[in-house]
Each structure stands twice: as structure tokens, then as C-alpha cells.
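By written order: A, B, C and D. Residues from 1 in each chain.
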Amino acid sequence: MGNRTFIFVLLLITWVVLSGQFDAFHLALGLISCALVTWMSSDLLFRNRQDSIWERVHEGWKLAWYFLWMLGQIFLANIAILKLSLSPNAMEQVNPSIVHFKTKLKSDFAKFLLANSITLTPGTVTIKIKGADFYVHAINEAAAAGLDGEMERRIARIYRSEARAPEDGSQRKGGS
Amino acid sequence: MKWVGLIAVLFTGGLLLSAMDDFPKWGDAHSPANASPVSQYYIEKTIEDSGVPNMVTAVLADYRGYDTMFETVVVLIAGIAIMAILRVMNQIPGGARPSPRHEIGDHHDIIIGTTCRLLIPVLQLFALYVIAHGHHSPGGGFQGGVILGASFILTAIAQGLDPALERLPEKSYVKLAFAGVVIYSGFGVMCLLLGENFLDYGVLHVLLPGIDAAEARSHSMLGVEVGVAFTVSAIMFAIYANLASKGELEGGL
Amino acid sequence: MLKGRRRNFEDMIIINTISIILILTGLLFFFGSVVGVLRFPDFYTRMHAAGKGDTLSSLLVIMGFAVYHLGQIHWMDFVWADLLVVIKLLAICAFIMLTSPTATHALMDAGYEDGIEPLTHKKGNALREPKVKGRG
Amino acid sequence: MGHSGKEAAEMNAFFVWAGIALLLMMVPVFYRMNIGPTAIDRIVAVNVIGTKTAVLLVFIGTIFPGGRIEMFVDFALAYGLLNFIGSLAAARFFHRSKALGGEIDVEGEAEEF
């Protein structure tokens, strides 16, 4: 029940940001809408129902720092793309390959985070995830060498559940 | 074929361009649309009549309520026609290609699944916001309904058609689509019962204590928009579900 | 009061300059992604340009607008609606961060499943041996 | 608030020109959309144009007379959403197109599009 209330409050905040109207009529509409959405799809927003709300907030905080670091990486990625697309001998520098590696991350959400981070960082795009196997398209050798697990370690540090033994890894699905 | 198409497009485009001269000037105060007393009335009296800041919504749901009601009916009929045609095609031997079944492979993609999982509730809230704020900002039943329908379609894309249909089964979406039209026309019938013209919402203020005729119009517009949104979102999803699975409502894209 | 107004004016210039810089950088990256989409040799490399370029450049441009609209807020007679616009713009940023890589991945995966042969020079294809030749 | 009209006008002019630049950047992408070579290339091009359009809506909202930016932010959000759903649905379709019987040829014949 705590989860539903949390989701309801989150949705209500979103509603106020969207609406920008603070009279009773619109706020009442907001309450109805949020209740409706909570009823329709509150099972979607959080998969992991075991974590307490504080744990979630803490994870969210660490996630925010991770995003700041990501933003820098995205910037580097774009400078690389810009250089590559504007350099006159771009075709010599493009040497694509599909790289395979195994991840130690267990939860779906962490894998999702890793995959999207790979997609946003220089020269690599995730093509497929099959279980723990990642297949990544790298634009050249330098990009492929960049997949050294730094990102994975950072993501593993966000989630307490990732540090645990794998025996309960199967039920524990994505956090935040 | 390509050339025939090109020639047809160029010909039609040329015709349209040549007709451009006959248009009134941009922002011309004396163009037929602007000089007509009807539009003058809308511009001057909307706030007074219904207290709705967004004039377009007032015209759509109140002054020209008949039009919008039957637009909703058209949407409903289009959806029903698609369902019916695909069903019939399935019964004719060789009429439809075999539907894609589950052997297509696992549908689960972690990345798409997680993104959609995070996105769908926000999307639904956004849709309801668009519906509810139809009289303040651009929005209303059709737009919000499309976004709401898109959120159901997103469920189907992310998790497969079968889980999506578990959430919103065929029975429910057909009921929802009809409920929309019933809500809309119900407002009209209520006006009739209270002794006014069909869809003349002003009289509805007797049902809710403490509001005047203008407020009654404003609230009825919201109710009507909700009806439109029901129909549009249900039909959006119905069309997707039926087309994606060739009318069989299982497997699918 | 006059001093305060002068301060405000200088702040304005700084804020506008930041927003101009952000928008111009965004446009530059947009340009990079457009050139990449046109020049790169195969579908996968084009996808790199399209996916990454669009994410950051939209992010930067919209951030630029968020900064600009933050500067437009009248703090003297503050209304929440002005600030909410900025928050909404930031929400669009978050939305782009979430959806753009997903769309990139989805299109790339679709292309792969569809049998577009990736251009691989040396390291080869870890996913599987080359499929149908001559596609893509 | 202490900003002069001149300053605002200059910013406006900048936004107009930046918006035009963004609009012009869509034109080369149309070329990619036209030549393909595969259907998914075209979808990628459409997706790129769609992203730019969503950003362009924010430009238009800022230079819109009367300053109804909050309106256009909603448009941009809705457009971005539908663009995302569109490319996702297209991706799904091509993901499955082989399994659907393989009669959808992605070689990108002009007749098909």
C-alpha cells in the first residue's frame, strides 16, 4: 500500500507541474486523474516492491549523481561524433565491429541503465541484451576499448541489491 | 507507377498553388471567415456565455456540439468497421494471411520494456491533463484521447499484445468506446429532459446547486470532452490491436 | 533600488549569454549529427550519428531555453506558472534522455533482426556469423 | 525586471535565426529519407526530423507573440512522445517483418514507398 501512496504522490507532483492551475476545481481534477492512473498502471512504475521508500529516495539521489557523470560522457560522445563526421577521412576511422561481453548486473533496471549509458557514450550502441550477454556495436577500436567496465561498476555502486549474492537475484527486479 | 504518382502529385499541387491567389490576405479583417457575424459573436461572447478562456473548445464542444458529437460517432464507426472487416477476412479461406503467432520469438526486450514501464503512467497522466485542461490551454478530448490511446499502444509494443489485452480486453474497449458516445449524447438528452434544446448545456445548472448557467456550460463541456476521450482512446487501441494481429487479437507485432 | 535594477540587468546579460551559448552548441551538434547521417557508410554507423547527436543537441537547446525562461521570470511579482514552464522544459530534457537511447536501440535491433549486414572490417561480428549476403 | 526592450528584441532575432538554421538542417535529412537505402534508414531519418521538430516547437513558442510558451511546451512534449511511439512501432514492425512471412522487402524499392 505504501508503494501506491508513493506513486500517487509522485503523480500528483507531476500533475501540479503540468497543470499550473491551483484552484480547487483543477486540483480536484488532478486528484481524480492521479487516482485513475494509479489504479490503471501503478504496477508498471516500480517493479521492486520490497525496498522501502527511503531506500528508493537514497537510490534516486545516487542516480542523480550518476546522471551528472553521464552528462559529461554524452558530451564527449558528441564531440567524437562531430569530429568523425566532419573529418575529411572519416571512412578510414570508421571500423565497426560487434562486441560481446557479459555483465555482472542482475536487475533489469540496472541492465537497462547500463544499456542506455552505453548507447549514449562515445562510439557504442547496444544492439541486444540476452540474459547477461550484451552485444554492442562499436564504431571503431577505440570505442570498443572503452567498454572496460567502469560504467558497470558505477551502476553497481548505486544499487545495494547488486552487491548481494546472486541467490535472490531472480526475484529482485529493477529499482527506482 | 512512380512516375504516374509524381505527375499526379505535381498536377494537384499546381492546381492548389494556382488557387492560392483567391485566398484572402493573411490576417485580413474583411475575409469571409473574419467578417461573418457568427465569428464576431464567438469572439465577443464566449467568456460571457460559458466562461471558457479557450474559444476553440467553446466552439467545438458547445456552439457546434452537434458537429463534434457526430465526429465522435464517425470515429466509433471507423473503429467498428476495422474490427468487422478484419474478422470477416479471417473467416474467408485465404482471405487473410496467417496471423503471426508466438513462435516469432520472445517479446521481452529489457530496454524497451523498462522505458515504456517508466513512461506509460506519466503518459497517461499527461493525457488526462490534456483532457482536463481543454478549456484553458489547447487540448481536449480528441488530443487527450489520442495520447491515452497511444499509452495503451505503448503497452502493447513493450509487453506484447496479449498482456496489453489483459489490461484492456476487447469487451472493455468496445464498451468504453460506446460509453463515450453515450456520455456525449447523454448530456444532450439531459438538456432535452429539462426542457431545452439538445446539447444546450445552460439548463443543466439546475442539477448542480450553486452554479450558474455559464459554469454549467463550462462543466458540461468537460464532461463531453471526457466522452470524446473515451471513444477516441478506445478506438485508437482497438485499431492497433486489430491491425497488428490481423483481427485475431493474439500474438501480433 | 536603482542599484538592484542595474544588478538585474547585468544578470540578464549573463543569463542570455549562457542561453545563447547553449543553443549554439546544440545547433553545432545537430549539424554534426546531420552530416553524420548523410556521410556515414552503413546503417549502424548512421544510427550512431542520429542517436547520439540528437540526444545531446536537443538537450542543450532545450536547456538553453530553460535558462532563458528562467531569466524571464519576474521575481518581483512572482507567479508559479513562469517557474513551471522551466520545470516543464527540464522534464522534456529528462524525457529525451529516457526515450532517445531507447529509440536508437530499438531501431538498431530492428535493423539487425531484419538482416541488414553490418559493415565489419576486422573484429567481426560477435553476435553471429554473417547472415544473408548482399542486404543493406 | 530590468531588461530593456532592445535586449529582448535581440534575443528574439537570435531565436528566429537559430530556428531557421534548425529548419534548414532538416533539409539534408530529407535526402537520406529519400534515398534510403533500406527502409529503416528512412525511419531513422524520420525520427531525426521528428526530434528536430519537437525542438523547433520550443523555438516557435518562445518567439510566439504574446508569449504562450507553456502551450508550446505541451506541444513539444506531445510531439516528442508520438515521435518516440512512432519509431518504436516501426522498429517493432521491422523486428518482426521476417517472422511475418518475409514478404516485406526492406531492400527499399521506390515503388513501395
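As a working rule, a residue touches a chain if its C-beta (ideal position, glycine included) is under 8 Å from a C-beta of that chain, and two chains touch if they have at least 3 such contacts.
Model, not experiment: these values are computed from the prediction.
Q: Decide which interface, B-C or A-B, involves more C-beta pairs in contact, and give its chain pair.
A: Most C-beta pairs in contact, of the two: A-B.
Q: By Cα centroids, which chain is closest to the centre of the whole protein?
A: Measuring from the global C-alpha mean, the nearest chain centre belongs to D.
Q: With chain centres taken as the means of their Cα atoms, state the distance from chain B to chain C in Å.
A: About 31 Å, centre to centre.
Q: Averaged over CA atoms, how far is the centre of chain A from the centre of chain C? Could you give it in whole Å?
A: Spacing between the chain centres: roughly 16 Å.
Q: When the centre of a chain is set as the mean of its C-alpha atoms, what distance in Å lies between chain B and chain D?
A: 23
Q: Identify all positions of chain C at which a residue touches two or more other chains, and write them in rising order.
A: 31, 33, 35, 47, 57, 81, 84, 88, 91, 98-99, 101-102, 105-106, 109
Q: Touching two or more other chains, which residues of chain A qualify?
A: Touching at least two other chains: 18, 20, 115-116, 126.
Q: Give the residues of chain D that touch two or more other chains, as numbers and ranges in rising order.
A: Residues 70, 74, 77, 81, 88, 92-93, 96 of chain D each touch two or more of the other chains.
Q: Which two-chain combinations qualify as touching?
A: A-B, A-C, B-C, B-D, C-D
Q: What residues on chain C touch chain B, complex-wise?
A: 98-99, 101-102, 105-106, 109
Q: Name, in rising order, each residue of chain B that touches chain C in their complex.
A: Going through chain B, the ones touching chain C are 109, 111-112, 115, 118-119.
Q: Would you tell me which residues of chain A are touching chain C in their complex?
A: Chain A reaches chain C through residues 17-18, 20, 22, 67, 74-75, 77-78, 81-82, 84-86, 90-91, 94-100, 115-116, 119-120, 123, 125-128, 135, 137, 139, 141, 144.
Q: For the complex, give me every residue of chain B touching chain D.
A: Answer in residue numbers: 1-2, 97-98, 100, 103-105, 112, 123, 126, 130, 137-139, 143, 146-147, 150, 153-154, 157, 253.
Q: For chain C, which residues count as touching chain A in their complex?
A: Counting only chain C, the residues touching chain A are 28-29, 31-33, 35-36, 39-42, 44-45, 47-49, 51-53, 55-57, 59, 80-81, 84, 87-88, 91, 97-98, 101-102, 104-105, 108-109, 112, 118-127.
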